[in-house]
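Input: structures, listed below.
There are two complexes below, and they share subunit A, which is joined by subunit B in the first and by subunit C in the second.
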Partner chain A sequence: MDLVLHIGVMICLYAILATSFNLLIGFSGLFAFGHATFYAVGAYATALLTLRLGWPFPLPLIASIVLTGAIGLAIALPSLRVSGIYLIITTLALQVIAIDVMLNWTGLTGGASGISGVPPLTILGHAFGGPARFLPIAALAAALCFAVAYHVGNSPFGRALRAMRENESAAASVGKNIFYLKVGVFGLSAALASVAGSLFAHYLSYVGADSFQVSETVLILSMVVVGGTGNLLGSVLGAAILVLLPAGLAFIDLPQGMAGQLRLLIYGLVLILFLVFRPEGLLREPKRGGKKAPHRNMPDGAPPAMGAIVPLAAREGSALSAVGLNKRFGGIVAISSLDVDLASGRITGLVGPNGAGKTTAFNLLTGFLVADGGEIRFRGKLLTRLRPHELVRAGIARSFQDLRLFTRMSVLENVLVALPRQSGDRLSALFLRPFAVRREDAANTARAMAILAFIGLGDRAMDLAEDLSYAEEKLLVVARLIATDAEVLLLDEPLSGLDGAAMQKIIDLLRQLAARNRAICIIEHNLEAIRNACDHLVYLDEGKALAEGEPGALMRDPELMRRYFK
Partner chain B sequence: MTTNTLPLQHAVTDGAPPAPAKAPSRRSVASMLALAPAMAFAGRAYAAEPPKDPPVFRIGALLGLTDKGNWNALVMQRAIQMAVEEINAAGGVEGIKVEAAIEDHQGVPRVGVDAMQRLRARYDIQAVLLSYSAVGLAVAPIGEEHKIFMLDGGSVTDALVGPFKYLYHNRSVASVVARAVLTVPKQMGFKKMAQMAAVTDDGQSLIRAAEADWKAYGGEITATEQAMSNASNIDTQMAKLRNTNADFLAVWQFSPGPGLVMKRAREFGMKQPIIGVEYTADIGKVAGPHSEGYIFASDYFNPNASDPWPQRFAAEYRKRFNDNPEVYAANYYEGIHVICEAIKRSRAQGGDYFTGERIRAALLANPKVPSVYGGDMTFKPDGTGLKRVGIFKVTNGEAKFQNFAEIN
Partner chain C sequence: MDLFAQLLVNGLGNGSRYALLGLGFGLIFGTTRIVHFAYGPIYAVAAYAAWLAASAAGLPLAISAAIGVAGAALAGAAVYGLAYRPFEARGMSSHSVLILSLALSIVLDSLLTLAFTPSVQTIPEFTAPIFILGPVYVTALQLGQIAAVVAVAAILTLFLRRTRYGQAILALGDNRDMARIVGIDTDRISLVVFAIGSAVSAIAAVFTLLNEGATPTMGFNPVFIAFVVAVVGGLGSIPGAIAGGYLVGLVESLGLWKIPTEWQNSIAFVLLFLVMLVRPQGLFSGLKR
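Here is the complex of A and B:
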């Protein structure tokens, strides 16, 4: 019976580790390879505080969570600068360093001998030693950690994490603070993993570096992958399978002398089969956001009076102005002394041949590139050094030529994530004001549905963005921009690749937005579309504004046309 | 290349009959006397009941069969199987067959706990052979809680000595072997020691024991470097050790680590004597000719000894595996025999005798058991086995017995 209970304990501990790791990998797309480090810190902190300082429960657990959370924040820093394979290597190196510290800081960690004799977890004088007494504690901790992870994963913060996973720059372009998201999720994931570490120390009564090697991170990663990334229940399932599988294999009698190796071989084969036949994991990432949508069946084309577009007061003068912008890439001058004025209620076209510097100009205006010289003002306020998400919050939003939709999120969530001032984007609000966040999110969902209905995608709200047609994707880009409530909207080739009807639909939408006092700026190559859509043109070539004015007049200029078609 | 070697004052010829086992110390005798009433009571308590025989005596073993350095686990496994087969061929223990239930701990404490729980669940195991100290530290509390007799013939860490009363050791622990091998440089009048240790708790235990002993002697430790036993590049450590100009280099590592240390030390131009605590075929293979003159202390197992049991064991082992037995093979082979001997004694007391508690009580009542090393081995009250520790010197790739270490 103890074996069954012991397996139950191990499933609980690994469920905590896998769900917390899933927040990093599945939700955030941060392939950090050091989860066992957080597990270890929780275990060592608990062992030391219990044995050396005699702290009673729950103080060692709380201290472990705080300490590991803080270390998680520190380890997040590399992820701000590197991603993908580089993040894997960086965090792998951090784990190797952590193991070296465990092995060599003998005075603190006991070195290779580790720390033995950690007493069982004791609550109100009752000791929870042995599998039978420990299992309820482990199960309760696993349930609480799962609840925390679920609460975060299904919150606006979790939605922002998934948006970041899909495309970091796109998430920044809808106002998400990438720094906060990464640091927050690292801290939270680390803190949750430390709970497993703390329990592990009490349960095994021994903490040593051998328990927290890189192979342990690989095991936890396997649990996440087998269960399904982005699905927290999948992580629990993955943990259960990968704890039960070797336990079950151990009951198969194999020839002694090679039994261990054969069992490992079978274990590896089963994992390979999982990946071959179910590469996305046993449980798919759930579609989110639909249950709370009160206007899910809202008819398309509903009037904006339903709240789709926040009306702005008409204001005189430039909404966004750039003066003397310069940008060089090594010896290449991409932008030179560029002046741009974007006025409310007007659609400005930025035209020019390929390589003229149009997209670079967008990147400078939206903070994705820092100008070497010049200044950018929004309603007279200097914005030159603001980061992209700060510019969105100030009122300047953009789209990308390659769309950068959050393809594995629902259409509704693509819009929902872009809505401004969501208190649920902050972890503190999620835990301190959960009901207010929930109410606000319900209201935001209604607003997102209204935007989708207005744009003509109401009936596709719960579909994944990757399932949309190209024209629908273009519409969704506009919907996402509308959701930001920004006054200045910059669209990079919103009409390219569309047929006449779809193109006209988007032009109509842009006109409606301009009519509601948005300052619109588009980059476009289709001259007919430009003529139809734009009120004002800026002709750009070799990084300089060569001319600007009424579209018809510029298009009649033979020199500009010659340069355009050369 | 020439190397300096230590003259050994008490060298004896290879194959000479080993000296009689060292008498127990005064403290050991006092401890045994203190325990005598309890032992006598334990004996009487079961005498009236007839023995309750199980259908089979199942003995567990936790080995790192799929650990990175699994060479010694594989040696342990075949030695265990050989012992079981021999005992059963001779009619078992009091007519009851013996079985070994071997589980893989992969060198990971958590997996070791899984395996220990599995042994309990499947076989209600009452006696188990342990290996690998980190795993031992994780599983020993389970054995302790459930009164399972545990015998460790692999690790030398001192961390396992003391806290667990059901845990016994039939390999000399760090405090014994380190002091044993340090008798050699002391005889030479050396003062400056450089150390290279494994990044394991065994390695740390050896450092602790060696430093305490060497400082008490008045010696100086010029440098201490560490590396994994299976490290492939130790050049940085060797460069540092060389630059300290120590009188000799102590290697507190286990197979295959010392092989690379010897090789690189000589290739770095170090001509000082090298001492250690293990020499195996793997070490010899890695070190090649650089092992010449290497001096090490180890539980004295002499396959060419004149005692019939070591001779018989060595011959059978060579016949079965085409290999010479060494300390791991001898200890785990011996481990099975120690447990079976304890079972036999426990059975003589009658009652429900096949329990970890009764097996331990049998050894407490009479801590002297036959040893495959020749003669008897005596368990001290802290669970460590008193064995003769030999000093060996490698000549032409072969470890040649020199003398028994004289340590207090």
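Here is the complex of A and C:
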């Protein structure tokens, strides 16, 4: 009986570890392989504080959470510089260092013999020793941690994490602060894992380095993969399965050391089987975006375009003006002394042959590249050194030639995530003002639906973005851009690859945006479309603006046309 | 000062092994972009193959070493052909391939433990001659390792620059799609790269067998060392990998001058961490391959 209860406790601990790891891997796409380190820090901190300093519950737990959260923030630092495999290796390296510290800093950690005699968890004079008494505590802690992970995962913050996973630059282009997202999710994930560590120390009354080896991180990873990345309930299921599966080995008489080896073999084989036969895991990532919200929150009888585009007052002068921009890549001059002037209510076309520097100009104007010289002003305010998400918040947004939609998110979420000033993007607001965040998100969902209705994608709201047709994807790009509420909209080839009807639809949308006092700039190659769409043209060649003016006049210039078609 | 000189020699010896590890790993990763965690168990397979040939079959050392190298080349090619390639062909994400390589390395590690027990296996009749140069001891193995690095680097450089296969490998490393468009059989080239990379690491494995013996988990640290070396040196550069290997070897060995032995493991990792923070593209990434 005790064995069954013990297995129950272990499932609870691993459920905490797997759900918190899922926030990193499944939601954020950050493959950081140091989760066992967070688990270890929680365990050691609790053991030392309880045993050496005699701190009563809940002080050791709180201290463990704070300390581990801080270490999580520190580990987030390399992830800001490196990604992909470099992140994996860096975090694995940190884990090996952590194990060395546990084994060799004997004065603190007890070295290879670890720390034994950790007192059982005692709350108000009541000691919870042994599996039977501990199981309810473990289950309660697991439920609380799950609730926190679920709350965050399904919040605007969690949505931003998934957007970052799908495409980091696109997430920045809709105003998300990548730095904050990464640091936040690392801190949170580490803090949750430390809860499992803290419980572990009390429960086993022993803490040693052998419990936190790299294989432990691999085990937690297996649970996440088996349960399904991006699905928190799946992680609980994965934890249960992978704890139960090798538990049967306890009943077989095996030579010393053999059981541990077989367990690892089972984990490895299960992982391979899942990767081969069901790579998405047992439970798929749920489609999010408020299934009921659109209907519940849409005011009855409201016209579909209501609130889709925030009206802006007509203002004289240029919205965005850049003077003397320069950019070199090594020895190649990509942009040289370029001036751009975008006025609100006007559609400016940026044209020129391939390699003229059009996309580079966009990158400079939106902070994705830093100019070597020149200055950029928005309504007179200097913002040369701002990062992309800050520029979006200031009122300058862009789209990408290769779309960069958040493909494994719903159409609705693609728009929802781009809406400005979401208090739910901040972790603090999620916990301090949960109801306000929920109300705001319901209103935002209605607004996103209105934008989709305006753009003509209302009926596709709950489909995944990757299931859209090409023309629909191009529409969604415009919808996502509208959602930022930016005054200056830069669209990189919004019309390319479209047939006449679809092209006309987007041109009409751009016209309506211009009529609502947006300053619009598009990159385009099709001269017919340019004549049709643009009020003003800038002709770019070899990084310089060769000519500027009314489209018809420029197109009658034989020299420009010769250059364009050469 | 004598201690310093001795640590320097030890560092050069270990650094040679690390350079070999980095060369093999860098070749595989630089060409195929696969993070090959199973590099570790295959390194161990090489040592066990050589050990079986020498002790069970009683073959001469040179032949046993060749068997170890061939065994690793086969195993490496098999892992690519039977595991990674089918995965890539199904369009799985690079993260899935990475998890697969982790899972494979766990399975192979466990199988090796079950087959050979966790205890150390050595070739009992082998002892390396030792030369005494003034205050410093130099073993024949250390000299052999340095010679091996020189030979492997020379052969790899010639192979990559002068042969059609070598050119194809370089092209693949530069741009996979473009290589496919110009008609390079990327699958076959990748298979060859896995075989060569594993064979290079196997040379280091045989030296480890002769030096310390073989254990099932002997490949665990080398994967990291290989990665550290390849990253520190700049991925895919032969001179970079060699410089990285000796840098890690020397830092680790000379570190013992001031740092207690039990921390030796961490030195390479701290180095990696610092390089990642300061210069993620590698210290020697300017060097051409």
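Note that the second predicted complex is superposed on the first by the 531 of 566 C-alpha atoms of A that agree within 3 Å, B and C clash if a C-alpha of one lies under 4 Å from a C-alpha of the other, contacts with A are read in each partner's own complex, and residues count from 1 in each chain.
Methods note: contacts are C-beta pairs under 8 Å (C-beta built on N, C-alpha and C of every residue); 3 or more make two chains touch, one makes a residue touch a chain.
Computed from a prediction, not measured in an experiment: that's the story for all the values here.
Student: After the superposition on A, what does A:225 contact: first (subunit B), second (subunit C), both or neither?
Tutor: A:225 sits against subunit C, while subunit B stays out of touch.
Student: Go through the superposed model and pick first if A:210 touches only subunit B, second if only subunit C, both, or neither.
Tutor: After superposing on A, A:210 lies in contact with subunit B but is clear of subunit C.
Student: By the touch definition at the top of the document, which applies to A:546: first (subunit B), second (subunit C), both, or neither?
Tutor: neither
Student: Looking at the overlay, does A:131 come into contact with subunit B only (first), subunit C only (second), both, or neither?
Tutor: In the superposed model, A:131 contacts subunit B only, not subunit C.
Student: Give one of first, second, both or neither to describe whether A:264 is in contact with subunit B, with subunit C, with both, or with none.
Tutor: Both partners, subunit B and subunit C.
Student: Touching A:103 in the superposition: subunit B (first), subunit C (second), both, neither?
Tutor: It touches subunit B and subunit C both.
Student: Touching A:1, do we find subunit B (first), subunit C (second), both, or neither?
Tutor: In the superposition, A:1 contacts subunit B only.
Student: Can you list the residues of subunit A that touch subunit B in one structure and subunit C in the other?
Tutor: Comparing the two interfaces on subunit A, one with subunit B and one with subunit C, the shared residues are 103-104, 215, 257, 261, 264.
Student: Which residues of subunit C touch subunit A in their complex?
Tutor: Per the stated touch rule, the residues are 29, 35, 87, 92, 94-96, 98-100, 102-104, 106-107, 109-111, 113-114, 118, 224, 227-228, 231, 260, 262-263, 265-266, 269-270, 272-273, 276-277, 280.
Student: Which positions of subunit A touch subunit B when the two form their complex?
Tutor: 1-4, 6-7, 10, 103-104, 106, 111-114, 116-117, 129-131, 200, 204-206, 208, 210-211, 213, 215, 246-247, 250-251, 256-257, 259-261, 263-264
Student: Under the touch definition given earlier, write down the residues of subunit B that touch subunit A in their complex.
Tutor: Listed in rising order, the residues of subunit B that touch subunit A are 65-66, 74, 77-78, 81, 100, 102-104, 106-110, 113-115, 117-118, 120-122, 133-135, 137-138, 141, 145, 157, 159, 163, 198-205, 226.
Student: List the residues on subunit A that touch subunit C in their complex, please.
Tutor: 29, 31, 77-78, 81-82, 84-86, 88-90, 92-94, 96-97, 100-101, 103-104, 215, 218, 221-222, 225, 257-258, 261-262, 264-265, 267-269, 271-272, 275, 279
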